[in-house]
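Structures incoming, each one as C-alpha cells.
One chain, subunit A, appears in both complexes that follow, with subunit B as partner in the first and subunit C in the second.
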Partner chain A sequence: MKTQFVALRTPVIAMGVALAVTAVLLLLAGADVLAAFGVLLGGALTTPSRISDMLMLLAPLLLCAVGLTASFAAGQYNLGIEGQMTVGGVAAMWWLRGYQDGSPVILYWIGAVLCGMLMGAVWAMLVALLKRYMHVSEIFAGLGFNFVALGLALYLVFGPWKRPGVASMSGTEPLADALWLPTLTGTRLTLITPILAIVMLAIVWRLIRHTHWGLQVRACGLSALASVRMGVPATRRTFEAMALCGACAGMAGALQIIGVYHSLVPNVASGIGLMGLLVALLVRADVRWVALVAFFFAIITSGSIQLPLALSIDSSISGVLQGLIVLAIIVARARRGEDAA
Partner chain B sequence: MHVSIQQLNKSFGPVRANQDITIAFAAGQIHGVLGENGAGKSTLMKLLSGVYKPDSGQIFINGTAVTLGTPRLAVQIGIGMVGQDPLDVPVFNVLENIACGLQMPNDAEVRQQIIHWSTTLGFPLHPDQRMRDLTVGQRQQVEIVRLLIAGSDVLILDEPTTGITAAQVDALFAALRTIVATGKTVLFVTHKLDEIVALCDTVTVLRAGQIVGTQLAMPISKETMLTAMFGEFATHAQVPAKPIPTADPRWQLSDTMLHDATFVLGPLNLSLPKGMIIGLAGLEGSGQRLFMQHLAGIARPDRGQIHFDGVPITRANPTAAWLPADRLHEGIIGAMSLREHVLLLRDSLLAPQQTAHEKAAQLIADYAIKATPDMPLQQLSGGNQQRAMLALIPESAQGILLEHPTRGLDAVSAMAIWQRLQVRRDNGATVLFFSADLSEVMQYSDAVLVFFGGHVSRLLAHDTLSEEALAALIGGVGFAEVSA
Partner chain C sequence: MKQQMVSGRTSRTMMLVVVAILSLVFSACAAQSSAPAADEKFVFGLVLVGPINDGGWSQAHYDSAKYIESKTPGSQMVYVDKVNPADRPNVKVEQVVDELIAKGAKLIITTSDDFKDGTREAAKAHPDVTFVHASGDDVITGKAPANLGNLMGRMEYGKMIAGCAAALQSATGNISFIGPLVNDETRRLADSAYLGAKYCWNQRGGDPAALKFNVTWIGFWFNIPGVTLDPTKVVNDFFTAGSDVVISGIDTPEAVVEAGKAQAAGKAVFAVPYDFKEACAKGEAACLGVPYFNWVPSYTKLINDVKGGTWKQEFTMFGPDWADINAVETSGIGFAKGKALTAENATKLDAFIAELAGGLNLWTGPINFQDGTAFLKDGEVATDKQVWYMPQLLEGMEGQSVSK
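On to the complex of A and B.
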C-alpha cells in the first residue's frame, strides 16, 4: 500500500510544480492566469464540436501512447514512432488506391488498417534490427527512419501519386467519398478511431500485464542480462514488442488517412507520435495510466487552440505545460534514484 | 610526501568495506597493496583519492590531518589516482586531454611539460596524438604524465597491468622506479604476486576489509603472501572424498579454447563427473568466470566443443544453471517478485495445476527466504536474494555453476546455502563454484580445478591436496605438473 501511495504522490507534486511554473510564465506575460487555465483545462469541453475535435486528437494519441508502453516495457525508446505512423498512412493509401466505384468499402477499410499496421511494424523492426545486429541506438535509428518515412511520403505526394495537374503540399487527390469513414452528424469525428484505440489499449494492457509473453517482455526491459540467464528469448521479445508498437502507430496513421485527411498528406504524424512519447515517458510501462494522461494532454492541447482568440495568448503554452509536467516528473524520479524513464 | 591513515572505516550498507585501517606509506618508495577482489583495496584507494568520504577515521599528509572531499581537491593536495580504466576524452589529443583539467596559463608550457615527463619516464608520447589512436597502455601513460604535471606527490595505480602489453608493463615499472627516485610515493594495487615481488619495496595485504598483520618489507615469499591473502587454513573435518569417475561425464570439454576481451583460456581437455562439488581455485580473474559462462551456454567457445550430458551445448540451458555474483544485475530482476520469477521459469518450475503463487510460497518456506511471494526481490537482503536465486534453480538442473556463492552472506546463511547445494550434489547434480575464500574451496569441494596463467589443471581429488599445496598451485608453484 505504501509504495502505491508514493507512486501516486510523485506525479501529483510534479503536476503541481508544472502548473505553478506555467502560472508564473502567464503572469510574466501579463495574462489573466485563472482565465487562461480555465480555457486550457476546460476549453476543449465547452461545445460538442470542441469535444469532437479533442477526441479526434485523443484517439491517435492514445494509439501511439499504448504502443509505446509496449516498447517501453521492453526497455526500448522508440523515437521512430512518427515515422511508423507515417508509413502506416502511406501503406493505407497504397491499398485504398485500388478502390473502384462499387467495390465493397468495408474490405478497403479493413485492408487499409491492416496494411498500415503491417508497414508500421516492419518500420519498427528495422530499428530493432539495426540495434540488435549493428549496435545502433534505437533512439537514433528511429529518428533517422522518421526522416526516411517523411521523405517517402513527400516523394509519393509530389511524384507517383501527385494530383492530376499540379502537385501540392496539401496532399494527393482526395479519396472517393464512399471511402471516408462515417462521421457523427454535425462533426468531423468518426467513432471508429476512438473505439479501435480503446480496443488496442485493452489488448496491449492484457498482453503486457496478464500474459507470459508480457512478463518476458518486461523482464527483458528490466534486466536483459538476467532474462537471458533465465532462458527468456530476449531478442525475439524485444522485436515483438517493437513490432507491436509499430503496428499501433501504423494503425493510427492509416486511420488518420481514412478518417481525417482523406488523402495522403506529407505530415501524417503531425507531432502526435511525439506527444505520445511524452505520455509514455510519464506512465512508462504502466498501461493503467495511459488513457488518463493521454486524455489530459488532449484536453490542454485542444483547449489551447482557443487561447489566441479568447485571451490573446499564444497556444504554444500548452506545449510548455506538457513539457514542464514531463520534466518535473523525470526530475522527481531521478531524485528518488529511479531511472529517468 | 608521507601519507598515513588512522582508524579509517567505510561501509556500504551492511558491508564493511574497510575496517579500522591504520597504516603509513613512507615517501620515496613503491608500496604494494595486495588482496583478492572484494578485499577492500579499491575502496581504500578511493578514500585516499577523494572519490569516497570515510565514515570515520583520518588521513594525514606529512603529519597534518586533511579532508579529501573530491578527486580535484585530492589532486591539489598532491594525491592522484590512475584508475583501472583510464578516463579520457577520445577525440582530444594528448595536449588537450592533459590541459583541460589544469590551471596553467598557456598550452606551450603544458606541451613542454609533457615532453619533459615523457622523456624522463621513457614514454613514447607526443602532445598532438589523438587519444583514440592510443593503446590502453599509452592512455595510462598519459594519465600518469597528467597527474605528475598537476603536481601529484603520491601516485595511486589500481591494477595497472590489466590489458597492457608486456613491454608496456616493463616501461611502467621502470617509470615508477624513476618517479619514486625523485622522492614521490607510489601505491601499487594488485592481486598479482609476481608484480609485488618484481616491483615493490613494501607490501600491505588486505583481506575482508582489514589489513592482515602489518606492512611488510620486501622480499617476502609468495607462500607468505598467499597465506595472508586467503587466511590461515583452518583444518576441517575431512569430507569423505568421492572417487573421480571418468566415464559418462556431466561436462566434457575437448580441445576447447575460450576467450573474452582480455583473456584466453585453454586449450582445455576435461571431464567433469556427475554428483560432485568442484571448486575452482585460482586468483580472481584467472578465467573462472569465463569457464562458467561457457559451461552454462551463455558464451560460445572459439574452438572445440563442450558437451553437457553427451549433447553439445548450443545455447543457455536451464538444466545448467549459472548463478552470477552480481545478483541484482545479472542474476535476478530486482523489480520483479519471486512469483513473477516463478512464472518466467514456469516451464521448468511449475507442476501441473500449481499456481505461481503457491510455488513461490513453497520455495519461500523450503528455503527459509524472508519475503512474501509478491515482494520485489530488490527489497530482500543479499542472503535472501541468494536463497531466492538458489530456490529458482529447477529440480531438473543437473549442473549448477556458482560465482562467490556466499559472498556478503553471514555464516548462518552461508551454511544454509551449502546444505542445499550438498543435497543437490547427493541427488546427482554437478556443482561448480569459485570463491575468494580458499578455506571455503577446501571445505566444500570433492575435487578442485586450479586456474593459473590461462590454463586449467586436471581435476584434483580433495584428499590428494593439502591447503599448502593448493595455495602453492594457485601461485603457480608446481602448476606445470598438474596442468591438464
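On to the complex of A and C.
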C-alpha cells in the first residue's frame, strides 16, 4: 500500500529529476540554463504566429495520443502509429489528386480525411492481424509497418507522383491553392484542425470511459484471457481499438497534408506519432490527461525551434527533456510498484 | 498504515499543476529576455539545410556570411541550420523565416533546392522583406512574388575542372560520381563533370573507349540513415568495383574521407570533394582538389543592393573570376587544388582552366543524351536555360537519368 506522502511526492520528484538532468546537460553545453528553460517552456507562447504554429503541432499530436490511449486501453502497444499516420497522408493525397479546378473543395477535404482515417485503420488492423494469427508482437509488427509506410511514401514522392521533371525530398507538386485549408490571417493556423482533434478526443473519451464497448476494451487490456472467460469478444474488441487508433493517426496524416504540408512529403509523420507515444506512456489509458500533457509537449517542441537562434543551443534538447520526463515517471511508477505502463 | 488521502489520480493532477505553473513562470522569463534588434544594423538571415560545420555546401554559405560580417561593419548574420526533415521534423521553412525576421532580418537567403515552396510562401507572407532562394528558379518559372529573387553559381565550370582533374590523374579511366538525388541541377553538374573528364582524357591521349563514368545517386544531399544509400558504403563500393577516382556531388565529404582511408591502406585512389574550399582537409593524401562556392561576392552585392534600396528581382548566375578563380572578393566559383594532384597534372589542369577562361565551351555539339537522342547538333552551343534544365545524363555515362 502506497502512502499518501509517496503518492504525492513521486511525480513531483520525477519531474524535478528530469528538469535537473536537462539543466545539467545545458550547463555542460555552456548555456544559460534559466534562459534556455524560458525559451523551451514559454517561447512558443510569445506571439500569435508562434502560438498558431504550436497549435498546429498540438492537433496531430493530440490525435495520435488520443488514438493511442484507445489502443493502450486494449493492451496494445501500437508502435505502428507513425506508419498509420503516413499512410493516412498517402491516402489523402491519393484522393486529392482527383481534384480539378472548380470541383467542390469541401468534398475533397472531407474525402481526404475519410480516406486517411480508413487507410490508417486498415494499416493498424494489419498489425492486429499479425498479432492475433501469426503471434507477432504488435510492437515489432508496428515498427515494421512504419518502414513499409515510409517506403511507400518515398516511392510515390520519387516515383509515380513526383514533380514534373524534378523529384524532390520536399514532396510532390504543391496542391492547388483552393485545396489548402484556410488559415487565420497572418498565421498558419487552420482552425478546423485543432477542433477536429478535440472532437476526436471527446469521442474516444466517451467510447472508452462511458460505454459498454469501452468497458469491454479495457477488460481486454487488463486480461484478454479473463475477459474471454467473461464472454467479452476479446479479438474483436482488440481489433476495433486498434482500428480506432489507426483512424485517429490516419486523420492526423490527412490533416497534415491539407493543412500543413500542402503536398505529400516523405516524412508525413515526422516523429509526431512517437511523441504521441510518449504522451500516451505518461497518461496511460487515461483519456482525461491527454490534452494537457500533449499541450505541454507541443509547447516544449515548438519553443525549442527558437533555441539555436536565441541561445545557440541545439533544439534537440526538447526531445531530451521529454524523454527524461517519461523515463523518470516510469521509473517512479515502477518503484511504487505500479505497472510500468 | 497511514490513511491514503492522495490517490494516484490526484498525484498526476499535482504533477500537471506543477508543469503548468512552471511553464507560466518560464514564459514570463522568456517574454522579458527577448531583446529588440538594433536599428542601425543590417541583419540578414540564412536558412541552411545542413549543419554549419558540414565541411560542404552549408559551411560554404556560413563561412562566406561570416567573412562578410567581419568585413562589413554593421552587418549581422542570423541563421538556422539543419533545416531538413531528419534533423528538425515538424519545422517548416516558413517558421524558421518568421524567427529570423523576428531577429530583425531584412534579407533572407534560403539555400536548398528543397526550400523552394517554403521560401515562396514565406516571401508572400512577408512582402516587406527581401528573399533570395539560392539554387531555385521561381523567377524563371514566374512563380516568384516580387520580393523573391534567385541566385546560383555556375558550378558547371567547377565540375568541369573537377572532371578534368579526375581524368588527368586516373590510371584506369574508371571514374565514379556520387550524386545526391536526381534533378535538373544534379544532372547538370554530373554532366559537366563528365564533359570535363572526357575532354581532358582525350587531351592526354587516353583511349576514349576506356573512359568509364559511373553515376550513383544516394537519394538526398547527405546521408539520412534508413532513407538514403549510405555514402560511405557507396564510395567504397566504387573502389571495389575498380574506380580509382570518385567525384562527389553531395553536401558532405564522405568521398574524400574514404579515399583518404583507402590511400592510407595502400590503394592508389583519389577523390574530388565538393562545395567547400577546405574540404580537402578531410583526406588530404587522396584529394585532387575541390570545386567550391564562394558566396562572398554575390552576398556582398545582395546586402548592398537591399541596404541601398536598389535590389531588383533577378535570376542571378555568377561564375568564376577568370583572372583568378580563387580570389575571395571577386570569384564566386573556385577550385582549390589538392595535395594528391601531381605537379605535372596540376600544370595540365591550369592549362585547362586557362582554356576555359579563354572561351572553351564544353557545352558545344555534337552531344547526345544518354538514351542516344541528340542534345546539341554539331557546333551548336547550349543556352543557359538548356543547361539549367538538364533532362538526362549524357551518352557515355552510366547511371540513372531519372529516379525510379
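Please note the rule applied: the second predicted complex is superposed on the first by the 331 of 341 C-alpha atoms of A that agree within 3 Å, B and C clash if a C-alpha of one lies under 4 Å from a C-alpha of the other, contacts with A are read in each partner's own complex, and residues count from 1 in each chain.
The working rule: a contact is a pair of C-beta atoms (placed from the backbone, for glycine too) under 8 Å apart; a residue touches a chain by one contact, two chains touch by 3 or more.
Predicted model, so just to flag it, every value in this text is computed and none were measured.
**Q** Is this a clash or a fit when subunit B and subunit C both end up on subunit A?
**A** Once both complexes are aligned on subunit A, subunit B and subunit C fit side by side.
**Q** Between subunit B (first) and subunit C (second), which, if any, makes contact with A:Ala35: first, second, both or neither?
**A** second
**Q** Return the chain, subunit B or subunit C, that is in touch with more residues of subunit A.
**A** C
**Q** Quick check for you: in the superposed arrangement, does A:Val148 touch first (subunit B), second (subunit C), both or neither?
**A** In the superposed model, A:Val148 contacts neither subunit B nor subunit C.
**Q** Thinking of the overlay built on chain A, is A:Ser223 touched by subunit B (first), by subunit C (second), by both, or by neither?
**A** Once the two structures are laid over each other on A, A:Ser223 reaches subunit B alone.
**Q** Quick one: is A:Leu114 in contact with subunit B, with subunit C, with both, or with neither? Answer first, second, both or neither.
**A** neither
**Q** Once both structures sit on chain A, report the angle subunit B, subunit A, subunit C from C-alpha centres, rounded to the nearest 10 degrees.
**A** Given the fit on chain A C-alpha atoms, the answer is 130 degrees.
**Q** I'd like to know which partner A:Val320 touches here: subunit B for first, subunit C for second, both or neither.
**A** neither
**Q** So, A:Ala23: does it touch subunit B (first), subunit C (second), both, or neither?
**A** After superposing on A, A:Ala23 lies clear of both subunit B and subunit C.
**Q** After the two structures are laid over each other on chain A, how near do the C-alpha atoms of subunit B and subunit C get, in Å?
**A** Least C-alpha distance after superposition: 13 Å.
**Q** Check subunit A for residues that touch subunit B in one structure and subunit C in the other, and list them.
**A** Touching subunit B and subunit C on subunit A: no residues.
**Q** Provide the residue numbers of subunit B that touch subunit A in the complex, in ascending order.
**A** Subunit B reaches subunit A through residues 296, 298, 316-318, 322, 324, 329-336, 340-341, 343-346, 392.
**Q** What does subunit C use to touch subunit A in their complex?
**A** The contact residues of subunit C facing subunit A are 1-8, 10-12, 14-16, 18-20, 22-31, 33-34, 78, 80-81, 84-86, 88-92, 94-96, 98-100, 102-103, 113-118, 125, 181-184, 219-220, 226-227, 389, 391, 402-404.
**Q** Contact residues on subunit A for subunit C in the complex?
**A** It is residues 1-5, 7-8, 10-12, 14-15, 19, 34-35, 37-43, 45-47, 49-50, 53, 57, 147, 150, 154, 158-159, 162, 165-171, 174, 186, 188, 260, 262-263, 265-267, 270-272, 283, 286, 289, 292-293, 296, 299, 301, 303, 305-306, 308-310, 315, 329, 338 of subunit A that touch subunit C.
**Q** Would you tell me which residues of subunit A are touching subunit B in their complex?
**A** 212, 215-216, 218-219, 222-223, 225-232
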